[in-house]
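Both complexes shown next keep chain A, but they swap its partner, so chain B is in the first and chain C is in the second.
For the complex of A and B:
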């Protein structure tokens, strides 16, 4: 029983670490640009397909595959943003963020169907070396799971350094905190918004590729996880990067441990229940202060 | 062919009800309900289950509306203190959970096999005339709903609601009961959506989770936006246009040679999504421009008009501009 629980916790942490990447991307984009970009789900799928293409056609190994996933999703994210969302953002009104969010859902759908048109609905697997699971105190961990955990952690640390040390990172946090003050200090929010979209969607691309390596990729790979990603981000308060990571880990563990009590088909429903509970108890998110991109 | 057209026009009526629900919640109330399809499914299953238990059509339809409305109130109450984005996410999540429940609770919903044999009123008595009767019935309900929403929009309640949509703080300072207005409005919109679900269940006499895909929410957003998302007449015309677009893409896609079934389906969905993006960019006010829709009587201009909104809502943070 105890080993069972431990196994679920470990699985949950691994899943949470992977979900943390798109949740970070979503949070970053929301903080800097001020709206929820639902097309992040399709960008996960874009990253997964890009990685799968270079892996199955050119036999590239794990790390280059992830770099390709990052770049492809980031680029597709910026292009989609400029084509579909930037014109919407030019109209300034109280409703603009919600209008842009609605258009981003349409963008998500358009991308997903473009992928389906090109690749069909089939499941595609990566060619990755198969290795034996590691057993430790009755808990099994697959090597891919350990890779996922390690890569997600590395990316999170790189991001943390980027936001604390570099000038661009600090500028981004300034824009997130107060766009008007940032502009006063000579920061151009429009330039940063492209970069934030590129990094945010790129993170989603890595997350999508990691998930797809663990299982397989099809056009709905990203959409299936939309609710879990959003609940991770909401749990963290939507503007806190640390919060997004902690939220993702929490959602991962909760939804895995919940499997002890409920049927697996309701796994993503636990994410919804978690959002409701958090909003009832602490509407600003579990790990967030008032506003602004916290580290 | 006639029966096909009758069915489609009936369906357009159902879409009109859904669009009216969206116009109420979004166009007038400024709240975003991304879980439209969840409320629609809730209404459909409520009405279907009740009528299978022997409850008369009218009663089950009202119950469908009430149940959906109550769920709407709960969701908007939970997110009452937060930015509109949270309501959007929570409603989206709700729709997903409803889909899971409908697929997996076999004892109640029949699982993915669905619920067959939902009775339609006077079906045996009318025979071949029944589709026509149902068509008239649906559009009568649409007419009634449109009338109610129009009256509502023009009432002091409607004005207060738009004031709230354009700036919540100003409305609150002016003494408008913000929370109450929001909850009432979401209730109304969700009720319309639930009733539309009930009507759909009795139209097709069979419902399954496949009938309630998230895509439907996009269709209705397209319908409401195409017609002008603050306008009642826009909701009706937009719905007819969307059904026409959906059906014409069905034929158009089939006419392109060398496409697989999956490709045809994805092409159609792509066209719908792209249309929504293009319309929102080029003509966000729709075919029927918002007339006198601003909360203040002295400024008969669109609520999206730049000058008034910027002046009125300095607290709104729009990043990246």
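For the complex of A and C:
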């Protein structure tokens, strides 16, 4: 029983790691720009396709593939933001964040279908060897998945350092905290919003590429996980970067451990019931106020 | 005031002008058949060829002079592999395009969702779905199914498993209208043969199935039956490989096919079996369709869509006096596909000529001989048993 529990926890961490990076991106964009950019799912797919192209055509290995996934999704994210979302954000009203979020859903659909138009609906596989799992203290561990978990956590740590140490990182936090005050101090929120979108979407791109290496790439690669990414971000308090990562891992673990008692068909339901319970007790999210963009 | 009156007049004119062709479209203009198929989404692997097959059927019929002198138009709609989108598309086909029949209709969840719209509006539904529940609906004879049922497919998979020497079967598949039926049917066959069976139903939009695979392997099965579509089956196969599963794997044509082979590393799919409803590979209609589509082989589902258009057109053409409606198709379809004493034809063009002369016909299509039981299920279906060998699907037997 204990071995089973441990196995499900490990599986949950692996599941959560896939969601962690896009959740981190969503949280970052929300913190700095103040709205939920749902087109993050399509940017995951963009990152996955970009990585797949350089891997299958040019035979690039893992790390360059992830860099390409980051850059492609980041760039596509900024372009999408400038074309579709910036004009919406200019009209300032109480409903602006909601309107921009809805336009971002439209942008997400448009991007997904553009990818489908270009590449078709087929599944595509990366040219990466598939490894058998290894047994460790009675628990089955996938080397690739552990690798993914490692990469996700490393990126999260690098990001945390970026926000605490660098000038730009601190400026972003200033904008997140109080845009007007930041402007008075000579920080240009427009420039920073581009950077936040680039990094946020880039993170989603890495997440998409990692997910696709593990499974396969198709136009719905990202959108299948959109709801769970959003939930991870909400669970983490929407403004806390640590919260986003922990929220993702928690959702993964809860939904996998629930399998011990409940049929797999109801798996997402168990995760969402858990979120509901958490938000009833702590409406601001589990980790709001802990270290993050908005301290 | 003048403006308001002008507006009212213009409005009335527009309403009349547009209402007229809509209401009477099927009286003098082209006869329309809707083709509702998955061009996108998880079940879309045959969508493109299904669409082409339907268009070829319409071209052939129009080249032969159409139906009682009227042009046939196929209107293709994407169901997005999604019942909710399918209902919207079916509503458009029935209410706006006023089709006499809807063909294609592939995923069982899609067919189950649109079926009530069809029989309530007296529109014939020709479907290529497998769930047994579909023809058990109170469809008043408006559903014709050209695909083998789940019970039949499950039975064949179970028998193949037993034949391969497996003793412990475990089924893994997503939530579909037929998942539980598969578990029950295949387990039943294994119990009878002295083995045992079990199964689990999973959620189909997951990024991994490690825990599900752990649960499946707990009972130490020597055969895993995969009941999913390509996106989830590819991930389950990968996770089975990672977990070191060495037993046999059997899937269905909608899960294990050429698209899956392209989606997984070679070692992951190697050796897996697939049960494929076979087109009538010896039939002239099948060979003609291959030539027109410029392919060497074609899946059964695309052939079924080709047959859907043909049989509906012939049913309408068999009666010159009746109105061109779904009810006419409903009343006459069996008259043109399964009257043993009538003249056998394998192309709609020949069929139309004979019908024009008043000669009764028996149409055999590219997917089979199209004989329907009273409940609408097709009779006499063949399967191809295929195995992935060195990255290619190889036919091991046809039965």
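Basically, the second predicted complex is superposed on the first by the 287 of 295 C-alpha atoms of A that agree within 3 Å, B and C clash if a C-alpha of one lies under 4 Å from a C-alpha of the other, contacts with A are read in each partner's own complex, and residues count from 1 in each chain.
The working rule: a residue touches a chain if its C-beta (ideal position, glycine included) is under 8 Å from a C-beta of that chain, and two chains touch if they have at least 3 such contacts.
Computed from a prediction, not measured in an experiment: that's the story for all the values here.
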Taking chain A as the common reference for superposition, should the pair chain B and chain C be classed as clashing or as fitting?
clash
Touch test for A:152: chain B only (first), chain C only (second), both, or neither?
neither
Who does A:28 touch here: chain B (first), chain C (second), both, or neither?
neither
Between chain B (first) and chain C (second), which does A:13 come into contact with in this model arrangement: first, second, both, or neither?
neither
Look at A:36 in the shared chain and tell me whether it touches chain B only, chain C only, both, or neither; answer first, second, both or neither.
first
Which partner, chain B or chain C, is in contact with more residues of chain A?
B
Return first, second, both or neither, reflecting whether A:67 touches chain B, chain C, both chains, or no partner chain.
neither
Who does A:268 touch here: chain B (first), chain C (second), both, or neither?
both
So in the superposed three-chain picture, is A:249 touching just chain B, just chain C, both, or none of them (first/second/both/neither)?
neither
Once chain A of both complexes is superposed, is A:116 in touch with chain B (first), chain C (second), both, or neither?
both
Please pick the stretch of chain C from 109-117, 253-261, 307-315 or 325-333 that overlaps chain B when the two structures are superposed.
109-117
Once the two structures are fitted together, what part of chain A is touched by chain B and by chain C alike?
116, 121, 219, 263, 265, 268
Which residues of chain A touch chain C once you look at their complex with the stated criterion?
4, 7-8, 11-12, 14-15, 18-19, 116, 121-125, 128-133, 140, 142, 145, 211, 214-216, 218-220, 224-225, 256, 259, 263-265, 267-268
Considering only the defined contacts, which chain C positions touch chain A in the complex?
39-42, 44-45, 47, 175, 200-203, 205-208, 210-212, 214-215, 230-231, 234-235, 238, 241-244, 259-260, 262-265, 267-268
Contact footprint of chain B on chain A as seen in their complex
30-36, 84, 87-99, 101-103, 105-110, 113-114, 116-117, 120-121, 175-176, 179, 189-190, 192-193, 196, 219, 226-227, 230-231, 234, 238, 263, 265-266, 268-269, 271-272, 275-276, 279-280, 283
What part of chain B is in contact with chain A in the complex they form?
30, 32, 34, 78-79, 81-86, 88-90, 92-94, 96-97, 100, 103-104, 165-167, 215, 218, 221, 260, 262-263, 265-267, 269-270, 272-274, 276-277, 280-281, 284, 303-306, 309-310, 312-313, 316-321
